[in-house]
Amino acid sequence: MNGSDILMALAALALAPLIGGILRGLDRILTARMQGRIGPPLWQPFYDFIKLCAKSKKASHRGPVVWAWAYLVLTVTAWLLFVLRQDLLILLFILAFAGASLALGAFSVRSPYAHFGAYRELLQMLAYEPILLLAAVAIFLKTGSFMVGDVLGFEQPLLISLPLTLVAVLIALGIKMRKSPFDIAASEHAHQELVRGVYTEYSGPTLALIELTHWYELVLVLGIISLFWVIPLWVGIIIALSCYFLEILIDNITARLRWSWMLTVGWSLGVGLILLNIVIVEFFGLGLRL
Amino acid sequence: MRDINIDKTELGFRVKELIDDKARFITATCIDEGEFFEVIYHFEKDSELVNLRTRINKEEELTSISSIILGAALSENEMKDFFGIKIKDIAIDFKGRMLLSEESPVTPLLKLK
Amino acid sequence: MPRITFPFGPQHPVLPEAIQLQLTCEDEKVVEVTPVIGYMHRGIEKAAEGNPFVNNVFLCERVCGICSFMHALTYCQLIEGLMNINVPPRAKYLRVFWSELSRIHSHMLWIGLLADALGFESLFMQCWRAREVILDVLEMTTGQRVIQSSCVIGGVRRNIDGELAKTVFNLLDEFKKQWDAISPVVQKDYTIRARTEGKGILPKEQAWELGIVGPTLRASGWAHDCRLLGYAAYGELGFQPVVEEGCDSYARTLVRVREVDQSLELAYKALNNLPEGEIAVKVKGFPEGEAAVCVEQPRGELFEYARGNGTPHLERLKIRTPTFANIPALLVMLPGSELADVPVITLSIDPCIACTER
Amino acid sequence: MPQMLSNIIRNLVRGPVTRRYPKTKRTAFPGVRGEIVVFEDRCCYCGMCSRGCPANAISMTGSRKNGDITLGYNPFACIYCGKCVEMCPCCALVMYEDQAPPRYKMERKYRENTPV
């Protein structure tokens, strides 16, 4: 690791929450407009964050707070691995650990809301983890490497040969963004039977931590999506942003569905699409010829 | 509106008869008449109101009809809350605390002497 | 997983009503349910005994915010029945008009809440936006959005004539346009159907035996509607109750969706056929004797019973609100359902706990 | 899903329908029952309003003989039904179309301007 890498890592650490927060602000403005409302200002997520930080620390006990920190640290590690062009597979496993620590944090309290939320959070992971891992496998089969650096150096845009994989990753993005029809463990507006599910027992600065982690997570998942078109990189970013817009659109035209439906979609549609894509690329060589 | 005056002992029998006749239970009203309670069970039968009226002494006990109609349990609990009328064998018995809380006045709808 | 007892309410974001359902769950399956009410009892029946009977109109109106007009209407009809007052025909038609608008705005509110409970926020906003048009009409014609206070014993307080009627027709057309964009979503949307179809079954026979009322009963296949009794001007306007055979939450949604169309039609009809004449008659004397009256509210049948003793004060006023009759339905519908469906099923009876605890 | 899409797109193109409340206010419809103001100089102290008021928000204190009769109006008890305004024979009670602004303490007069 050289000096420029360290500088880059520091910049990424600082920039990711900024970008993530602005994206969330944009989300709120767009959602409001789709619903015929004016909506909050662009900086509202940051105002919320600051306000949460200023609240007094109240926790039923230390368990969830520790797990919240674990969630943050693990997600940030995954983000750093991404920025430092490390192994995609390790990155995804660390992300899975991060998700699990969120669920464990909810399990460490005695609230039934949190427990049910944690169960659902685990089910969500069960739905999207195979998609992300298989997507990494598909990328490996195409580029011959799990390293983000090698993917970035790959001349041919991945989207041309792996379009179905991107569609599958969109499902994972929907789950990660906690948007309908996938907002099962904790709906964005708390208007569901578990109130806020896994987050029920968090408040004040700890909740702000989780909010911060969400921003990192959002930027990371969008970053993975932009890997599908790296040369030139701005095309990839535009693709990632349009995926983000599509997610907001889908959020506004669907109701929340149940976890059994989510598992069915995640496993059949998500995994199926990627497998189909791999089969096409590997055995028919369509992608290679393009 | 059709009134049937009955004795409290034949209440269950009369209600059963009405229900078998495809009547629908609406509600039960209790009225404080000094010495007595007048309890009216309102039913709807063929778009007509049928009232089963019974008068009981304030100390007397009434048998619940909630074993015949589950829907009557709430109405009977309500009467118990507001008048302190004694009704036994209610399917879901809130013991006079369905609508009233621990701190609220007891039997608020009784007429003041 | 062991059994978990799960408190649903009394303060819950999905259900903005003060009812607590104590759900005993195995995994995500509800095995037992106990409803707990009584968080906000206001003693309106007692207060009504202390008020002069003319003033009780305004008190009864405050039993419920959403169907305030119907509560006033029921009380007025009750006293008119006690005192043999003949309401002028124009007042009767105006009463129908306002009742139907109340029904529309209540159903729109409910559809919005259902969408919100399903996580369908945009539909929720869209519904409430369309509802705003109806509230504007109510505000314009009666003087207030929610607590209209336009119905009094012997008639109504406001008249709709000339210019105002034209504006009202325009606004109703505007509502119809907005509603036509929303109603196919509620009826056909895949995600809504997936969440409501087959959820919260209330079998036909059981619905009648439990004494269920209103759209909940009609969704179980019973053509029961108090408007068929022909109170106010319903006898002259003529209509057929909306009946669905599905017995599930989806059928209850459909009943309400179709009732919005029907109510809109009735409102147009009432306003178009408005007879000329007085809008109120003077009330003289005091109520004596007994009377009972049923009025079809958005949520179902509202039953009121009164006994007068020849003084300005009533001896007893009994109000049985529709939700009071519908709560037993939850005891049948909830056990065996999934936890995720509890809000939808609870909402499907359109609970109004404020009404229940007069 | 497709049914809602057209609604969403329409909203996205046409823009918000809500108001920025404190900046733009909604104008009240004619005949709306808003704030009630008492003009005691016009009052003939007949007591019709206090007798008719269903919420007991208006009270008469003192007696006309002693000359210390006053009309008390409690906006916190008032239910804005407008019955007193209908009953008042000398137009001493006036109902404005605008809603009353939020209040924090009891005051007798909220408006200085004369009514229309």
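We just call them A, B, C and D in the order they show up, numbering each chain from 1.
One rule holds for everything that comes next: a contact is a pair of C-beta atoms (placed from the backbone, for glycine too) under 8 Å apart; a residue touches a chain by one contact, two chains touch by 3 or more.
The model shown is predicted, which means the values in this text are computed figures rather than measured ones.
A.B. asks: Counting C-beta pairs in contact, which chain pair has more, B-C or A-D?
C.D. replies: B-C
A.B. asks: Once you find the CA centre of chain B and the CA centre of chain C, what distance in Å lies between them?
C.D. replies: For chain B versus chain C, the centre distance works out to 25 Å.
A.B. asks: Centroid of chain A to centroid of chain B, CA atoms only: how many Å?
C.D. replies: The separation of the two C-alpha centroids amounts to 59 Å.
A.B. asks: I'd like to verify one number: the distance from the centre of chain A to the centre of chain D, where each centre is the average of its C-alpha atoms, in whole angstrom.
C.D. replies: 52
A.B. asks: Roughly how far is chain C from chain D, centre to centre by C-alpha average, rounded to an integer in Å?
C.D. replies: One centre to the other, that is 27 Å.
A.B. asks: Using the touch rule from the top of the page, what residues of chain A touch 2 or more other chains?
C.D. replies: Counting only residues that touch two or more other chains, chain A contributes 34-37, 252-254.
A.B. asks: Quick one: which residues in chain D touch 2 or more of the other chains?
C.D. replies: In chain D, 1, 4, 8, 11, 17 touch at least two other chains.
A.B. asks: Of all residues in chain C, which are in touch with two or more distinct other chains?
C.D. replies: Those would be 122-123, 126, 129, 189, 191.
A.B. asks: Can you give me every chain pair that touches, using the contact definition above?
C.D. replies: After working through each pair, the chains in contact turn out to be A-C, A-D, B-C, C-D.
A.B. asks: Give every residue of chain D touching chain A within the complex, in rising order.
C.D. replies: Touching chain A: residues 1-2, 4-5, 8, 11-12, 14-18, 20 of chain D.
A.B. asks: Write out the stretch or stretches of chain C touching chain A in their complex.
C.D. replies: Going through chain C, the ones touching chain A are 4-8, 12-14, 28, 115-123, 125-126, 129, 189, 191-192, 194-195, 338-340, 342-343.
A.B. asks: Quick one: which bits of chain B touch chain C in the complex? Just the residue numbers, please.
C.D. replies: 1, 19, 22, 24-27, 29, 31-32, 40, 42, 44, 47, 49, 51, 69-75, 82, 92, 97-101, 104, 108-109
A.B. asks: Mind listing the chain A positions that touch chain C in their complex?
C.D. replies: Spelled out, the residues of chain A in touch with chain C are 31, 34-37, 112-113, 115-116, 119, 180-181, 183-184, 187, 189-193, 195, 252-259, 261.
A.B. asks: Tell me, which parts of chain A touch chain D in their complex?
C.D. replies: It comes out as residues 30, 32-39, 249, 252-254.
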